[in-house]
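These are the structures, in structure tokens.
Two complexes follow with chain A in common, the first pairing it with chain B and the second with chain C.
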Partner chain A sequence: MHYFIHHKWVQFIALLAIFFVLVMAISPVSGGNLWRFQENIFWLLPDTLNNFLKYLINDFWLVETYDIELDLTEESTMIKEFTRSLSGVILFFINLIRELLLGGVKTVVTFTSWDFISEHPWARIPALPWTAVASGAFLMGHFLGGRKLSILAGGSIIYIAVFGQWTPAMQTLSFVLVAVPLSVFLGLMMGVFAYKNKTFKIILTPLLNVAQSMPHFSYLIPVVVFFGIGDHAGAISTVIFATPPMIRLTILGLKKVSPEVLEAGLMSGCNPRQLMFKVLIPTARHDILIGVNQVIMQCLAMAVIASFIGTKGLGYDLLVSLNRLNIGEALELGISIVLIAIVLDKLSLAWANKQADYFADLPFHLHHKYSLAFFGILVVTSAIAYAISLFFPDKPNYLYFISDTQGLTTKNFWDTIVDWIITSTYQSVQSFNVFMITSILVPMKEAYLAMPVAATLFLVTGIGYLVGGLRSAIIVAAFIGFIALTPWWDRALITAYMVTFSTVTAVIIGCTVGVLCSRNTRATRVILLVCDTLQTFPSFVYLIPVIMLFGVSDLSVLIAVTVYATIPATRYTVEGLRNVPQSLQEAASMSGVNPTQRLLHVELPLAFPHIMLGINQTIIFSLFMVIIGAFIGTDDLGQLIMQSLSRSNGMGQGIILGLCVAFIGLAVDHLIHTWSDQRKQALGII
Partner chain B sequence: MSTPIQPVIKCESVYKIFGENAEKVLKKTDGEVDTESLLEAGCVIGVNNASFDVHKGEMLVIMGLSGSGKSTLLRCISRLIETTAGNIFIDGEDLLGMNEKELINVRRNKMGMVFQSFALLPHKTVLENIALPLQVKGISTKDSMARAMDMVNLVELTGYENAFPRQLSGGQQQRVGIARSLAVEPEMWFLDEPFSALDPLIRKEMQDEFLRLQSVLHKTILFVTHDFDEALRLADRIAIMKDGVIEQIDTPANIVLNPATEYIAKFTRSVRRERVLSCQTIMEEYDVNTDLSDITVSKNAIIDTVAERVLSEQKPVAVLNEQDEIVGTLNSKIIIQVMFGETNNLPINNNAESQA
Partner chain C sequence: MIFLKKIAVSTAVSSLVLGASMAQADSKEPIVIPTHNWTSQITMAYVIGGIFESIGDNVSYVPADSQAVYESVRNGDVTISHEIWQSTFGKSFNNALDAGGIIDVGNHASPTQEEWWYPAYVGELCPGLPSWKALNDCSELFATAGSGGKGRYLDGPMDWHGQETLDRIKALDMDFTAKFAGSSGALWAELESAKKDNRAVVIFNWSPNFTDAGEGGSFVEFPEYTPGCKMSDGGDGKCGSPPAGWLKKAAYYQMPKKWPTAYKVFNNISFTKSDIGNMAALVDIDGLSHEEAAEKWLADNEATWKKWL
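And then the complex of A and B:
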């Protein structure tokens, strides 16, 4: 008995034994509620939620509105009016930026009317020549970060223009340039407020947890209902999705500011506002910038997903070309998205690090040399563009605008390669597919589906209890129990099976690569750089090469998920091993261990809690990507979320399904964090 | 020493009590502080009944080991933490009664503070760090940068003004901290263990630098340290704290010669008295008939610096005051007694010292 209490692994084995006994004992036919929860009152929840939201929109808080154009007084609701005006404001800014880049009349219309436009053909914003935008990018890169950044920014714009993606890329850019500042601003403000106000923070924290584990798709559904479809809806769902990490990192950064710095600010005579904006936020800059970076990444990831609800741009084109299996085109579009992501990330970073020179007493033209140069280039490029259209009115004007039919393209090249790969590897890929599906995936899926709900709940609750005591047991049981009560338990099991498979594969690959690379400082640097770069890719992009090589099947989803999820596993392994204190490594070496012994007995045990956090990330990444995989075709929760997007009454269902996914993630997250914190405390490395 | 001039800092029965129950207990006793019932309620007493004055141009060093409440006391006086009970007056104004606006005004114009871990803003250059107090006051960028540049020169960091804190050594970083705290020309200068994070050699150098600055600036100083030698070296008066209580507040010489408690005696025992005491503390009364030696010493000279000369003389040496009048004599017997004898049987002129 004493042995039992003091050895966790014995308890785990006992737990597993009871679990298997339960699996054997409960039969699908006679198990009743023990096998699967029968239809219950809980199943009405999606419809209730749906009706409630409908009520909010259509019948709650009626107001009278007056329509000027129709000269009518109409009845509307406050919520509707609010969402309508919010959409209007956001759409105005998106259009403003878009028309500055691409030309158009909508912004002018906002201040006048359509009649005014038809009467005055000059009343439109002219598009900037792409040459001007490219030189603008060069100049801005140089101004903020020197030559390297200049080449990166300018080169990316040239790539986009030359490859004929100008219109969709600028549409995406205009959408991102509205969503990113809005998310950063909201995130920063809410983070600051949560830092100052404890009650607000207590309310906010669980909301943030759920918000960050909800899959992207489930945000789209309520947004469509409240805001309709279009660019603004995409921007709003992006903001909702991208703000939580910003809030979280703002709070984290502010909390890390040392109390003496805060006191130094106070003693310098800062008032609360100066203290926040001159001392606290700049000092917490590192974490806040990671937040900005996350926002940019989320926005570009959402740029693709938001195209489901009518956001124009690269994402929409990418979706269409993937649908048509135009792999070459999808690849080019994917590269454009990645380039925009990287450029925005680096520019924002450089901007935050920009230094002012106080003693440079420069004359006007040197002080404003960048703006003057841009103005000059703008005039010159516009003049050239105008001159060319004047002299060659029939020819396409390459120095003004390159449409997608005129641009360079490599898609034929890629398509040929893809064709070649498919034809030449058809046999081997096909047999690999068949092997994986029949001997691993299908049996695994069936095994998951054969678990009685009572046994599963017993297992997760038991693990919760062993890891974190009664509190964890209750938390985990509540999360998983919620899913069990919904009608979608089987779907959740399929999601769980896909996540398990890809996580296990990703962890094996990631940890091995991580351990191997950490043996060598140079390899460590390289692998961290690779991970950094791969992380900037929007998750959707990972589907392109996989479809290219493996076609459309369950397996290719799993491969894409695995590739995506390997990144955090590798990264955390390398970081964990690298952060093992030097003194301990030296102590081990002086005790006469060889490198393998040192790895096994010193480095891995110490790095293990950190590696566990990496595995946690791997699971969350897998979960998200499995849901996105619904786009290729799976039969799990994600597929249902996709379906509820196109159903008129799908709102309640979509939200509940999103919560199911979130709760899987939160349960795992809770268990691993609790364990890792305990372990770190035991090892004294917090 | 009742001077009609009002003290720059005046503390009256200052208490700082930590703990969730502190307010409840205090309410019960109607604001009266009853330490025993507070301790029973699970409170921790940071500062226990501190009363003292600091006069213009005086340097009071608050000395104590970690957890003695010295930093807490300093933070009460700078109002970085709220005092539980008692009164603090700054230039006769009630500090604790000030609203936020008044408090910010006092900090912007009268107070400067230096921190143990330097507390520089990592994203700002040396110059920008020093200019911060000026800029938050609303001084134009041009003027504040010019003033900050003067401060850079004052702390001898010329050439480093565009460096970032991370590029500087500890000593240099603390020079920036000092420059920042002095940028608004405050009357009061608070230093919270400013040299504790520095290497011994650098610490000595920074103490010299600090004394040099003070000899030019004549600020009213509260200096917190855990280093007794540092306290002796710098202080006009030392307040020694233990468990929140000021055990003794007196001149370095008096503390060394008359430690009030056994606890303080532990510190003073290992102190070389000749390095702390000045001649006037041990001189004998001047008798006109005495046959004096040719050399003389100043009454403020530290014994260590004159011991060799006095010991090499057969006759007693005259001790002079600032007006070159003879106020006492020293002979080799007294010096030997100071350097090698027991503390208890020293002839000490307490009054003379405390008047200094």
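And then the complex of A and C:
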């Protein structure tokens, strides 16, 4: 008897039984608060929050500003002045890098004025010829990482230029070159501070969780109101999104530094600052670099979304071409985004791993040979570009700048392929479409919506208790209870149904592919590269072809979500299996198991906690993409988040809706992490 | 930090010196023009920018979400908005007007229509169109997997005018359900896919739009619109949308003071239906970039825009 009461599976079945009894017992008509929470004081929260934010930016701490040009004294607020100056600084740096690459006047304006520029047409920064930038990329690649890196970096720049994407790509690059260092710097500083100060860490952790799992759309409007619209606004929302992984990995890396290293540093007489910057951070370099890699990926993943609030570049062009159904063009732009991500990632990695040569005592020209070579190339390429425009003034100057209508393009090729896929598979896909929608998706959605709120809360709290005891039960109940109190419970159920469906599909596909690929080292390398590429490839590009095949329906959204969510499931399965200690594998082989038995009884169980983390990521990815699915047309939380862009109380509503989405993710995240930690401890692989 | 302060101070001081001497003329600070994600709007942005530049002003362009842009105009981060569609953006625009900081700068000459629409070949599949009764009679042609046997009307995003669509279907007792697409891109994708398959679709569309060119299509004819006929205005809801809706322009409230000449020009600017159609066609059909299309339009139509100066 005792065994049965305490065995988790029996408890779980009992939990499910009570859940179903509750579902049966509570009727939608007479259930009242047990069926759905009725309107309560909590429903005022979005408006209250909205009014509070408006008060903060419009009425709190008034100051007077004087507009010299109009000779007017105007009222402003301290917060507005502060956020706008901050925006100005970020914008200055973005413009500086952008104008060094593309030319322009705004940097000059910062030090003079618009009137000065209008009177002196010479006062502008000229654009660099693309040939100079490409040679620079070759040189930098060679300097940091040798021949391979040199070819990758230079080749990518040539691709971008030759395909006529110079302007948008350099705009994106200048945006990224500000957003990435800013995120890395902030992440490193906050990580170090959290490592040193326990209280700060306790406050920071929940904020990081929320910032990482809030859908970006929910904080676009607040960013626009507080910081204005433009490249800086995109950069700020990118920093909000990209800094958390950097902080996490910094803390993780610093924690892993072994006490011996620390002691050695102290014995050599380091002061605290030297200890941090000369001992701890260099030792924790590996994890910090993974953080930098994550930041770069996240920044480029934001390129499209940031264009909603004023970021110019590849992301904006991609949205425009998708809206015109130019899938081929969108694909090319997407490839450029991926290339920029890969090149920056590899360059930063090589830079961080490059050891300074303290003993070389070289003469000036050898010590600075790369800078000198670049300077030489700059002069030569500029001279060539100038000479060509002098001799052929009416011809387009291909060695200086290639505009988007002059460049090569493969878009007709891609358009034909997409066209062919759609026309030739349309009929066969339709029976699948009808079957999925009528027999699986609609019934599943109705089942989710038929759950009384009391039963759902009971179920999730019970699972929390089974997984992590009372603490988890309270945490999960609080997250889900918050959503139940808002007016959007039904919407959240629809989101949950879509996330469940796509997660299950993605995990089945991802784990299968992962297991198969992990059997072979080359396949492992290839699949990891594919995962990296797809992760930075803008997911918006899938949306349009999917609609063409499956129409505006839940199925379209779910297919797009599944494609995206399969990435982490695959990656973590491969990594988990690869990291199973060699000694254990050999021990198993020596005990005489065949490869299949070894996979099933040794490798998979050992890799399982790591695979669970992959499933966790799959859920987070699904949540993100389901929200983006609102662009196809959904009726879940995502649709409301999109709507909040045009509502007068949009700021408050957007943020609360974003929190609802974040809390779904965090509840699942908490459960899986707790469980996975327990398993790891039990298996002794921490 | 000192460096940053210097940047701020130098901007302030320089604008003080040069600004004082030019009380009446337009400020040289750039007029910020938003670009959204459809062709005619982007080309028109560059056309208007070109007109402002011809009177010696500076302009800059910023990509913005078409619903969120009014908040930015109110704050002065964006100076103008030049394509405000009645039924699609009317709500966001009116919210911003109520909140203050934005001014209504009048309408374009072009009338606009926003209504249920079908591509030309659908007229053959369902004889009797464009009458809404005929449409209702062939509702099963328009059924999809998710529509439960009824015809499916693909509307724009829910927040454009979703409630009105639902009201109308109910008031006219139509055998249709409405599905809300998430973006205009989704509408065009569905339209393109239906064309390939010669399948019947009825979607939300507007004119002037790129669909006016080529094979074209027609708007469904609903019972005539009369002021106050919509349910939200207290009517019975048995009517279509207004046959000639407005297309407005708006500006930041400081624009008349800061750029008086440009404001006057902007006030005069008024594009006709064929102007807007041409701007879109230069990009969508002739394959020019948006900037080139704007240059070409300005060169070809000098007579039109010179009289606005």
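Here, the second predicted complex is superposed on the first by the 616 of 686 C-alpha atoms of A that agree within 3 Å, B and C clash if a C-alpha of one lies under 4 Å from a C-alpha of the other, contacts with A are read in each partner's own complex, and residues count from 1 in each chain.
Keep this in mind: a residue touches a chain if its C-beta (ideal position, glycine included) is under 8 Å from a C-beta of that chain, and two chains touch if they have at least 3 such contacts.
Just so it is clear, the model here is predicted, and its values are computed rather than measured.
Overlay on chain A: chain B and chain C fit together in the combined arrangement.
In the superposition on chain A, contact is made by A:Asn271 with chain B only, not with chain C. Shared-chain residue A:Arg647: touches chain C; no touch with chain B. In the superposed model, A:Tyr564 makes contact with neither chain B nor chain C. Angle at the C-alpha centre of chain A formed with the centres of chain B and chain C, after superposition on chain A: 160°, rounded to the nearest 10.
More residues of chain A lie in contact with C than with the other chain of the pair chain B and chain C.
After overlaying the two complexes on the shared chain, residue contacts for A:Thr283 are found with chain B alone; chain C is out of touch.
When the two complexes are overlaid on their common chain A, residue A:Asp404 makes contact with chain C while staying clear of chain B. Using the contact criterion defined above for the overlaid structures, shared-chain residue A:Glu260 touches chain B, although it does not reach chain C.
The overlay of the two complexes leaves chain B and chain C separated by a minimum Cα distance of 27 Å. Within chain A, not a single residue is touched by chain B in the first complex and by chain C in the second.
By the touch criterion given at the top, residues 68-72, 85, 88-89, 92, 109-118, 220-221, 224-225, 228-230, 307-312, 316, 319-320, 322-325, 403-405, 419, 422-423, 426, 433-434, 437-438, 442, 543-544, 547-549, 551-555, 629-635, 639, 642-643, 645-648, 650 of chain A touch chain C in their complex. In the complex of the two chains, the chain C residues touching chain A come out as 4, 7-8, 10-12, 14-20, 22-23, 27-30, 34-35, 37-39, 42, 56, 58, 62-65, 67-69, 71-72, 75, 77-78, 89, 91-92, 95, 98-99, 144-146, 154, 157-159, 179-186, 188-190, 192-193, 196-197, 254, 257-258, 284, 287-289, 292. Residue ranges on chain A touching chain B, taken from their complex, read 258, 260-261, 263-272, 274, 278-279, 282-283, 285, 355, 358-359. Listed in rising order, the residues of chain B touching chain A in the complex are 75, 78, 80, 100, 104-105, 107-109, 111-113, 115-125, 127, 132-133, 135-137, 141-142, 145, 177, 180-181, 184, 190.
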